[in-house]
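For clarity, chains are labelled A, B, C and D in written order, and residue numbers in each chain start from 1.
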């Protein structure tokens, strides 16, 4: 199938809305009211905040503009649940989100239900002249909420990792003991002038405008780097050899004492990892994840390769097979690659660091108003990740998607694939 | 009445235990499960942690030693709920207490009930040879829990102050508009060789040994410094005049931007404060509180006076009248002084900073074992506060009690009384 | 003249060496031994360290490999004066460079003289088979030293700015009061497939390999942004309007309290700046400098334009006129643009921020060994600046040169030029 | 001899002034101009700053008030060289003192010579009515300068310790290999009501007023704790056993990674230390120094003893023998105790931590004006050290002297003596 134009919204926006909101509820159902309060670091947010903020988004950018006789559900919520939309008013300081013991989880679920009912009514009652814009904004809100679903899983995993009881989001699943795929297959691409960026279908503003770019010839690995290969890197002194590292990366690694991916620990000779299914043995055949850009770059240098550019990745994705492992299947852990040929594991499994700094495409212009703050103002100091992860919604994955994190961040479900010049 | 020997345990230890445990439950009942998770700063602890830790204290220091066939309620709790008792095993890092979303509030209440039943049974079944030591330890555990009750109130107030919804622990109470007592009365004491420290009845190890000390003659104010007087200090440039301050205090005040006591803010020309009863106008006739040692010292210098030593305070307390405002009455706010003569407001209202660094009394020896870690290891860098506050249990207040905080800390219910050389 | 291939080394490497070393000595001659010790922030280095480190470079990478019977001048210097060459042995911690009161300035000048004599002898005596590589390395060492000459000026300016006596590196020069060039002229370029990178002549490894790139059509300003325009930005609330800023930039600006470029201050209604010629009025017609990438980006957004990419800049530079103001002329301050037409101020005056993250060119491979650490390991988190400044040596300026700093750094002589899509 | 009233000023104030100023010059003569610039940490100051600040003190507090037609030597110096006298005007930020490359060392020596000449002239020409106050202030200025002489040695040692060349202030001296005095002798004192504080002769304001205090009976060790005993402490796990430590001390030790006294390191099985005479083997029989209060307290607990109070120390000092090792002798390192009986090593060798928090004596009132800022505003968070060190001037040592540092500080020449209850 074509990966660039997935059937994103089967049965339309109303169904997408219903599907998205239900997924949030399903994820939240596995958490206690207390779990939903905690903010384990400034980069993370409480689950309750994610649930309320995504609701505030619909309230602010859909209802407030299109609902007749709009009144806010609770006028105090705007301050609590605005994230970073400067033009949408004041906001609660980000590192203080964990202080929001009130409103309670129950109140937030009530907020969600009320806004959902009002959105449903609006979809029925909207003036024809408004309908297109309403649907466009609801679709945007759904994708916004799908982003926050993955953040919720990242954030609750981080919080659980700091709890001595080691709570598991889901029960453990057995590790598939398939024969080790010891060597990745490589695939050559000619490059040249290529079309980059979203052509149609839903996409964020940062995926456009679609434009021409020149890509020199390259080769790319058919699968992701595995945890077993990462163990080889560790055992070969990967975390001790300064010459493998970018200078900023080396200092970050030393300051934080990195010796392995986030959540890994060695016990009795084996490597264990803490994930959404609790503490388990590292699955050596599955893709490594919870590595930073710095680590991914050092690994690539150690392997004598490099990370792909985001354009190379996008070119390769057009010939990729979609064997995705998404949050919809609730496996919540990456799987070893299926088969041995072809460009596999492009969507689903884990996000893939590219060597591309996050920057605007030629001709990029943010939307006007608060919605224009969605992406553009983060276009500095971050690197693009492509693909999607086991925690991404199938509706949300596409080949033109540009995810981004700072190069030291490790709590995303982030791994890597190797590339090289041809 | 004599303030040094309050009737601490009417009807014995079993009644004290019952009274103490019930008070914790009563305070907790005003909080949601989510409120109980939050840790708003490293100095503070979550309410749930206080509730569990005080229970762990009874389990570890009473049941584990005296209950036949003891088995821990949950073997993982020791790590979670040990505070700082090195000799009692490993412990969860203090700044990470807010990560304890599990065990849930419900589980902690279950833990409390189970341990209470086992303590009650032990009090009936204990071997006669053990009874004295069991009762001694339960009494200690009750006083330990009463300390944590006040900490719980301090900590939840701090957490609520960071919530934009400004939750109130209790509903507002009207401010009593009595005529302003503009001048404090002063009381002279001859001093000389005096007896200091606890002579009998329950007391912590740091209150002894009772010993002789030499106290030069002094005068002490009959009442606490009021919020109105503090406003005078502010308006006279108290927070801007470096020469009023200790050098360390000045740097602390500048670094943190202090302009008034903690939780005060000025709006529309009036001073407001956030307390356990929510946001209210500052009561000018009531004692100022939420001031640090540094601020108290600067105020005293501004007033041409000084803080009393803890020995002076204790000498004066013997002639004080006990008009206490304790947590038992649930007023949860300090009151203006009653009457106009005599040494008033010694116990209850607010803790009173003294000029005495927290240090061991001559001959002090901590108890052996983990219980000996209770006080001694904190005897550096802190200053003694005497009295008790509106958030202290009546059972817990006594004239020999030595509370202590670092000189920059402000989240305690801490005020001051002036003194001077005679 | 062609800007891409300046006559970099008239009369050969020996003359370049002589010219470069003399320039360092000439700059150092304006400093006292005490000035040369100081390290005013971790990013900066002492002048003495620059003088010794550049000498160590010749000793280590030329003499140690090619001089017969090589013995180090002082075996302890390698540890003191290695900057970051991991493969060249241990090194003194960077933030501790200001502790190097010993060796003295006199000893360092002696070190310089001794190594210069040995290099001169080697240039005469070298085996013919070695001569090419020796000359190549000496040329590299000269360019390395020219970089450090500019760093020395940046660093001593920063140090002097923190001295209450406000020492001036050079005496003040009058500000030329020419008529204000109120509107920049704009120049259109077609773009398309272009050749980027160094084709020949001396260049650093990061300037290659020369390669094809696709550049969409664009327009670029004929001159640099002036200080007067920057004052307009300030007065229009540029530093107070969050929506003009990248998110990371806003937080950096708030945390550091930026209100104007580094070294600017307002006094009695006028803007003053501290520079290598002491404290002077801001020259409104001259290029603004000491601005960070964040500020440059915010200014461009305010102006409705954007920064050029480094490729756009390089394309435009081919048609630029070379009216350079370099360190050779010792003007040490940027000048207003000369004339009113053409792409001016491309080399000399101030470094120009581009929107391009510092990254390897396609096919980039660092040299092997310690010299390969020169550039590659810094290719993250930094942005490319093009051009050169009034503190750059004429020998060192070229159109393919890629300078780089972190986006928050301001102590470089960094300004900006605007661009826009065509 | 009586230790409480040393013959402080033989031949009068003029001779004291001459002797003190010459000592500073003699110490400075061992440093290069570059050495004199460096500030190695915020707690330390550059040598040049000490030399200028002590001169500013005479200029400001003597000449400016008593010299006819006073004009400042350089009006900019007041801002540069005021330390913390708020009432004496603005001052350069303390952590920025290392930026003062100008004025040069030569200018500072010129400043010193000029002020010395003016003071000498004033001593001859002063109006009789002023003479007493002038002499009083010059004497104070001399003692102030002697304090700074010791600080200069502390500070330059710290700076040298961070230089990879390990410069020595003075050439090494052989370690005296006397037989190890394995057990300290103990001396009992009855205590009771005693007189504490300075009775006459020069003293700082914090040494008075002389007053009565009650001291319970105690015993005190006849000599200081030795480096050999400290090695026993290390080898017995002193730095790893949390129960030996005050809570704040444990966290300080862990955060800073303390494993031994400051400047100690273990190499090839031996303990080495860096001191004013360079790197030498630890002298096991000499007093340990460069230990913090936290370490001294932990050592005492390990030894089953405690630190003396400052009153106990002062009582014992009256019967001490004065076998002092002062800066006058330029030995610059502590010596093993001489003899085996009596209370030895009370003055000279190393400063001795007491258990007494630094606080005002009863009735203490700082002087009015800027000179009153000398001591009082530091009376919080610090602990008293008694005695004097090998870096103290003989003129400056006395039994009532109260030195003080924060409990985590280690760069003073600070050791300890044990005590216990009788």
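We adopt the following convention: a contact is a pair of C-beta atoms (placed from the backbone, for glycine too) under 8 Å apart; a residue touches a chain by one contact, two chains touch by 3 or more.
Keep in mind that what you see is a predicted model, and the values were worked out from it rather than measured.
*Asks:* Which chains, if any, touch chain A and chain B both?
*Replies:* In this structure, no chain contacts chain B and also chain A.
*Asks:* Give the label of the chain whose average Cα location is farthest from that of chain D.
*Replies:* Chain centre farthest from chain D's centre: A.
*Asks:* Mind checking the centre-to-centre distance between chain B and chain C? Centres are C-alpha means, answer in whole Å.
*Replies:* 59
*Asks:* Please compute the C-alpha centroid of chain A, do the same for chain C, then give the distance between them in whole Å.
*Replies:* It comes to 38 Å between the two C-alpha centres.
*Asks:* As a quick test, compute the distance in whole Å between the mean CA positions of chain C and chain D.
*Replies:* Each chain's C-alpha centroid was found; their separation is 47 Å.
*Asks:* Can you list every residue of chain D that touches 2 or more other chains, as numbers and ranges?
*Replies:* Where chain D is concerned, no single residue meets two or more other chains.
*Asks:* Under the stated touch criterion, can you name all the chain pairs that qualify?
*Replies:* Those chain pairs satisfying the definition are A-B, A-C, B-D, C-D.
*Asks:* Using the touch rule from the top, collect the residues of chain C that touch chain D in their complex.
*Replies:* For this pair, the touching residues of chain C are 32-38, 40, 48, 76, 79-80, 92, 96, 98-105, 159, 162-165, 167.
*Asks:* For the complex, which residues does chain C have touching chain A?
*Replies:* Touching chain A from chain C are residues 84, 86-87, 193, 211-214, 216, 242-243, 245-249, 293-294, 297, 355-357, 359, 362-363, 373, 377-381, 407, 421.
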